[in-house]
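Which chain is which? They are A, B, C, D and E, in the order written, and residues in each are numbered from 1.
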Amino acid sequence: MVLFLLRRLGQSILVLWLMSVIVFAGIYLVGDPASMMIPDSVTPEMRAQMMSALGLDKPALAQYLDFAGRAVHGDMGKSFATGLPVSTLIASRLTATMELAVAATLIAIVVGLPLGLVAGRWPETVAGRALTFLSSLGFSLPTFWLGLMLIMVFSVHLGWLPSNGRGPTTEWLGLQVSFLSWQGLRHLLLPALNLALFNAAMVLRLARSATREALLTDYVKFARAKGIGNARLMGVHVLKNILIPIVTVVGINFGGIIAFSVVTETIFGWPGMGKLLIDSINALDRPVVLGYLMFVVVIYLLINLVVDLLYSWLDPRITLSARAS
Amino acid sequence: MSEPLLEVQGLSTHFDVRGGTVRAVDGVSFSLGRGEVLGLVGESGSGKSQTGYSIMGLVDPPGKVVAGSIRFEGRELVGLPSEQLRALRGNRMAMIFQDPMMTLNPVLRIGTQMAEAVLAHRKVGRARALEEAHHALERVGIPSAGERLRSYPHQLSGGMRQRVVIAIALLNSPKLFIADEPTTALDVTIQGQILYEMQKLTRETGASLIWITHDLAVVAALAQRICVMHKGKIVEQGDVDQVLRAPVHPYTRGLMDSIPSRNPRGQRLRTMPAFEAP
Amino acid sequence: MSATAETPLRRLWSEFTASRLACAGLAVTALIVLVAVLAPWISPQNPYDLQQLSVLDARLPPGTRTAEGVRYWLGTDDQGRDMLSAIFYGLRISMMVGLLCTAIAAVVGTALGLAAAWFGGAIDAFIMRLADTQLAFPSILIALIFLALFGKGADKIVLALVLVQWTYYARTVRGSALVELRKEYVEAARGLQLPRARILFAHILPNCLPPLLVVATVQVAIAIGLEATLSFLGLGLPVTEPSLGLLISNGYGYMLSGNYWISFFPGVALLVAVLAINTVADQLADVLNPRLKR
Amino acid sequence: AELKLAIATDVTSMDPQYANIAGNVQVSRHMFESLADLDADGRLVPRLAESWRRTEASVWEFKLRPNVKFHDGSTLTAEDVVYSVGRPATLTSSPATLNGFLKDITKAEALDANTVRFTTATPLAVLPNYLAMVPIVSKHATQGLKPEDFETGKGMVGTGPYRFGKFLRSDRIEMTRNEAYWGKKPHFDKVTIRIMPNNPARTAALLSGEVDAIAVVPTADVARIKQNPNITFYTKPLARHTFWTLNQASDALPQAFDHDGKPLTSNPFKDVRVRKAFSKAIDREAIGSRVMDGLGVPTQNPVPATMFGYNPDLAPEKYDLEGAKKLMAEAGLPNCFKLSIFARSDSHPTDSAQAQAVGQMLSRLGCKVSVEVVPTSVFFTRGNKLELPMLLLATGVDGGDLGVTLEYLFSNPTNNPFRKVNMQTYDSPAFWKPLREALALNDEQVRERKYRDTTRVLRDEVGVIPTELMVGTWAARKGVVLTPRVDERTYAFEASGN
Amino acid sequence: MTPLFELQGVTKTFARPEDAVARLRARLAGQPAARRVTVLHETDLAVAPGEVLGLVGESGCGKSTLGRVAAGLHAPDTGRRLWDGADVAAMPPAQERATALGIQMIFQDPHASLNPRRRVGDAIGEAAGVHGLLEGASQADFAAELLRQVGLDPAMADRFPHQFSGGQRARIGIARALAVQPRFLVCDESVAALDVSVQAQVLNLFMDLRERKGLTYLFISHDLSVVHHLADRVAVMYLGRLVEVAPTAELFREPAHPYTRALLDSVPRLDAGNTVFQPLKGEIASPLAPPSGCAFHPRCPHAMAVCREQQPALQPVAAGRFAACHLVPACGTVPSTDSQSAP
């Protein structure tokens, strides 16, 4: 186990390095940040001064080494566009994002999983079919579309929930969070729902199809022979057996929400990280894009580490160590 | 013995498959008194297991009990609401399945799977349920029971899994116990231990057994009555001694002739003229 | 007992068509594919030909007949495109992109996922860390880099989307395959010295199929949506050749101002397409599940 | 009373001098002021300076308003002004630096507590306009601060009508009224500016009552907002117009081919007849009314009628397909040619639609047009390399002076060594002569005339193809009254209510 | 004569079942990670060509594990597998594969060992098709023939495993293993699920194959009458060790090891009528907590002091007979000097 974690750490460092090279080269290829950043109205001296202040005057390799050298010490540099340290920028949005991601994922699981079990348990009933049908709706509706509808219904017409922003935040462990106050929760609900619906639909479908399989196994039959009630049968015997694909997909999507939920963040004015990335890519704000994506890799490495640990917990036959073939 | 514990009348269980119907059980009738042991033997694929499943109400779709009645403790089981049936299962009547590897949930610990069988029917604490599970494992001859409770099914040998399943069925002291080839994976010393426990069960709680097996010697030793099945039908039933000593039906006779110990060692065994499968 | 003259494909077909809902789904899917293929011949207008468009006809409501006697059954969009034609053509692109991406990503991802599960150790680590890297790489950046390197084109979009999507399959398949690999039937197949590829693809893969089918059908919808997003951002296909997703994106601003048809009809088309594909996939999953068979 | 105002542009920094971009300026002007300023119609008015005059050709003297207090109670002095004018040069990592406006100043000195003298390298008539762009900060409060320090409120010490409250990045800025303000006291004592770049979200926020007013009503929602009885809708022609630039840099026009797909032998855009034909082929009325939903007005002038430099003699080019065809035939290109036209995907929402519409119109001329909409990063990177043949741009008028903008737009390394390459490859002595003269002149009337000369030459030579003057939109709930501005800003201190 | 197949000093261990708390506690206490159970100790076993070696023993003693190691499905932790005297692990890949194909295993649990999504006809015919063993027949005909041989209706080839009864599935497993024409077959409880008549049919098939093709068997079974009938020699296993190896007739006539004796005594007899069974005396040994000395001593009626302390080695006790018991020499059986084959 310890060995496993150590090995994972080593791989992660390699991944980070790989990522930094790809992203650096990628952005370098896309365009010249100076053309976006420095107005034509300045003098050549000023221009040169700015280029060197941004580190753009050196050859690409030197620029990369500069970056890597600093990154090793944990310094991701400063944003071209805002002048703020990248870490500050990311940190300032991280709580909001995490809150949203956790809320959305929780909703997706809490809604999707039980409904999926129901749809898989009674696939031929009206309820089962209706759930299946609705779940297809869940991911054929574009996110922006759905978001707008949510706003129109719940904010504009019914006036129940605020449509925009994070609302007042509460301090919790030194972080500014929304979920501790009623007002904050109200702000959180719509964007979280918007993100959750897709995931809930996906979880529902995965759970449904896996449940149908699991219900036909002998061990479920035997559990029924033991007189186990429906709740435990579904909630323990079936559930634990179907979770692996669900955990996989939820893991990936959780990372996706943290990193890339731009659409929801813009529609609901949620000050999360996704927008930061898009803005930075558009502005070719290289330090931010680099720092951000490195951060996202770390998130994914962590998530997938947890997912792999979950695998071996969910199915004891899967071992963490390298498998012989 | 006033009323039999179990009364099966004209039971038929059919599977609709593409291109026809498999009559897995085809008009089976028998009755089982309290404290009685019934040996159910017969050709492989003759419908013994399906008979057991039918009684438990666990026939897999597309299989269906298409006819007949099953009266258990005076109650008709065919058509009984599922919640009432559930309350009976594992409590008043228990069944152990034939394939021990597949009948235990691969992702749950043995202890969990045993404890829940207790908790499903009795209001006791989890610790207490685990204690009972521990005891049941010891009864079926599993050493290091405490540690085995923490094992997962794949960590056990075939015979251990089979014993775990038996132990689970024993947990709630059922009145009717359907055992589907329960000792095939056990060596004869452990088998003896299990049979001892079974006898104790019938003796002490008046439980009745349906013992599905191929081992006629075990039937001879354990059962009072025997049913011989062939192609979904019971072709012969009666007192064990009688049937085994003087089988009437040609199939039963052929069966007896095929027993290895009744054949010269190392020679070809006598087989029956082809009885084509259902 | 079971019919002997039946070929496996025949049997699959007859099992598939046993459900009326699935038949409907298949029919709709077929119709959509047909419409997509035949779009140039059945559309009243070529919506990609700028010369046939006029902004003066922009945002006409459904059913409008112009002075020249052209009838816009589903109205026109903000460029004066006949929505019906635009939807036909849009389906063509969206279905192509959606199905192609899904197919390629599924094949690549499945193969890599199976390989990771089977070989374990360094190969597993390599593939999975590659997936981690890939997951962290936003599609927009990939598309932007492709745009800078190779310029625009449907092939680049497909490639970019495949790059984004293969990870889903790889991780899903790996997860399921890890469970399957521990089962005895795999041991048996190994003992029979079946070729590795055969064990992986003919034995393990079918058992990992249920989640895979779900992921695949969802990814079709995602691919269509991603393509639209990229095109909308100017990183995808030309704006003058809108896909279904792009039509929806373009029109959604008008959704609330009364010009609902610009976004609504393409939305309905997308919805129907996704539903039909899902229905087909659901039935396929059932048909491929032997325990539900008779 | 509190005003909740939603704006469409993001705010990157609280440091008022860090970046001269719309969102930042819009916000910082509530708390910081400049010496001169522009009124709602885009005319230059005094602000922190009471008056200014030109003592010599290259020397300007500004008299400060006496007794103006910073938010911390200290008094504004000439020292602060000198400091503020020097500070942008020290912010080297700033994008969109203010230095462009200050680079001509060779010396800034405080003559006394209320007088500042600026010396410029060459005679510069538009210095007050330039200085209208530069917010004045407090010397002692901001010295040694880094731009990111302002986030927390440090250094947010200005003279403006509002005081800094709180900044939540990408979300909101909260401000309170400056009770000690020297000028007219604003109506609202508390202001929250919400950052909402997403169009429908802004509308929804207004409709749901979450905000009181929004800037930039999404084109698609205009009809709906107009009908709403509880909402007042405002429009104002902006000092911002869209135009097409035609690449005239080299003899080979990039990404243009004849109808057989072979590269063109000469650059057709070097022929004024082709440029004229293109201009005539564009139906500006249709674009304004259909594509921009009435929020575009056909124009030949870069500024609205209220502004300095407007040329009433220049009518917008009429849509004339036949005339255009004739010109093309004269130019020897009766069937036009194949080319790509470019617009940005992430700037104005109607850019893409405008480009497509123009694509349609040019195709009627026989051209085979492919419309390419790309992100700004790609657009400018390739545009700067002169790789794009024809592109859609939009520009506003900085500092309220047309000449500054024209000079900025049309400069390139050949005519101005200070300027890097830009995408306006039109270059003509007839254009530069009046413009250069005007920029040095003191006399306002002559200057305006020279500007008109310049725009006339631009029209005659079709240097670029102007299409629409953009119309700004605002909406507020009944009871809140906004002041629409040509520079598209929305100021809480110019709003009133009940 | 070189044995066809030989195991030398094979040891196999598995991870211990533990709960999270125990694992954490072990880690905190700084215990080494050697929380493993040894289920197979230094086992040697040889099978001559054409021989049927019966393997009997207590449930959970490691028979299946031994079988899996023999069939190459588990890699042993230590020890070697020899085929025709050559180390399998050292063979060139192609030869190793051919050897592996020649050693087939019939699994104890036929249900688990069948792919639920493959029709049984495929399951049976596939490998033969892949390895070119169809001999001109079509795969379907080939599978049909095998199904017939194990007493199943060839029309069932189209069905899926779950559509069969337990005994039918067992026969499918047998047919699948036979399809690739192995030279050495490890049968793990292969006939236990069959009624005696079908069992007889299958056993006859096994005997035929041995006669016609010289097929060699490691026959793991609890059914002593079947072992008695079929096997040439019998190996008896107890808690991961072989405790006795002897020619069948001799073993049944005169068991040397007390465990063997206990086994033979517990066999229910058909003609005995209803019997009252007795509980096991003594503690059943577990690999999780192996008893000191001889593993059987807690249940052994003859246990002596030395049995508690010292692990007896498997020694020759008579011509061709081996036993691991401190008592055996004292039983008066003189060890023979001319034992021809190793155990």
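In this section, a residue touches a chain if its C-beta (ideal position, glycine included) is under 8 Å from a C-beta of that chain, and two chains touch if they have at least 3 such contacts.
Computed from a predicted model, the values in this text were never measured in an experiment.
Path length between subunit C and subunit E in the chain contact graph, taken as the least number of steps between touching chains: 1.
Distances from each chain's CA mean to the overall CA mean are smallest for chain A. Each chain's centre was taken as the mean of its CA atoms, and the one lying most distant from subunit E is D. Highest C-beta contact pair count among chain pairs: B-E.
If you average the Cα atoms of subunit B and of subunit D, the two centres end up 87 Å apart. In this assembly, the C-alpha centroid of subunit A lies 52 Å from the C-alpha centroid of subunit E. Mean C-alpha positions place subunit C and subunit D at a centre distance of 43 Å. For subunit E, the set of residues touching two or more other chains reads 15, 109, 111-112, 156, 159, 162.
Shared contact sites, meaning residues of subunit C that touch two or more other chains, fall at 1-2, 144, 147-148, 182, 184, 252, 256, 289, 291, 293. Under the contact definition stated at the top, the residues of subunit A that touch 2 or more other chains are 30-31, 148, 152, 216, 218, 281, 315, 317, 324. The touching residues of subunit A, when paired with subunit B in their complex, are 216-230, 232, 236-237, 240-241, 314-317. Of all residues in subunit C, those touching subunit E in their complex are 1-2, 4, 183-185, 187-195, 198, 202-203, 206-207, 288-291, 293. Interface residues of subunit E facing subunit B in the complex, by the touch rule stated above, are 14-19, 22, 56-65, 108-112, 151-153, 156, 159, 162-168, 170-171, 189, 192-201, 203-204, 207, 222-226, 228-230, 248-249, 262-263, 266-280, 283-286, 288-289. In the complex of the two chains, the subunit D residues touching subunit A come out as 6, 10, 12-13, 15, 18-20, 89, 91-97, 99-101, 103, 146-148, 151, 168-172, 194-198, 200-201, 204-205, 207-211, 346, 375-378, 380-382, 384, 408, 411, 417-420, 422. For subunit B in complex with subunit A, the residues that touch the partner chain are 56, 58, 60, 86-91, 94-95, 97, 99, 102-108, 112-113, 116-117, 120-121, 152, 154, 165, 168.
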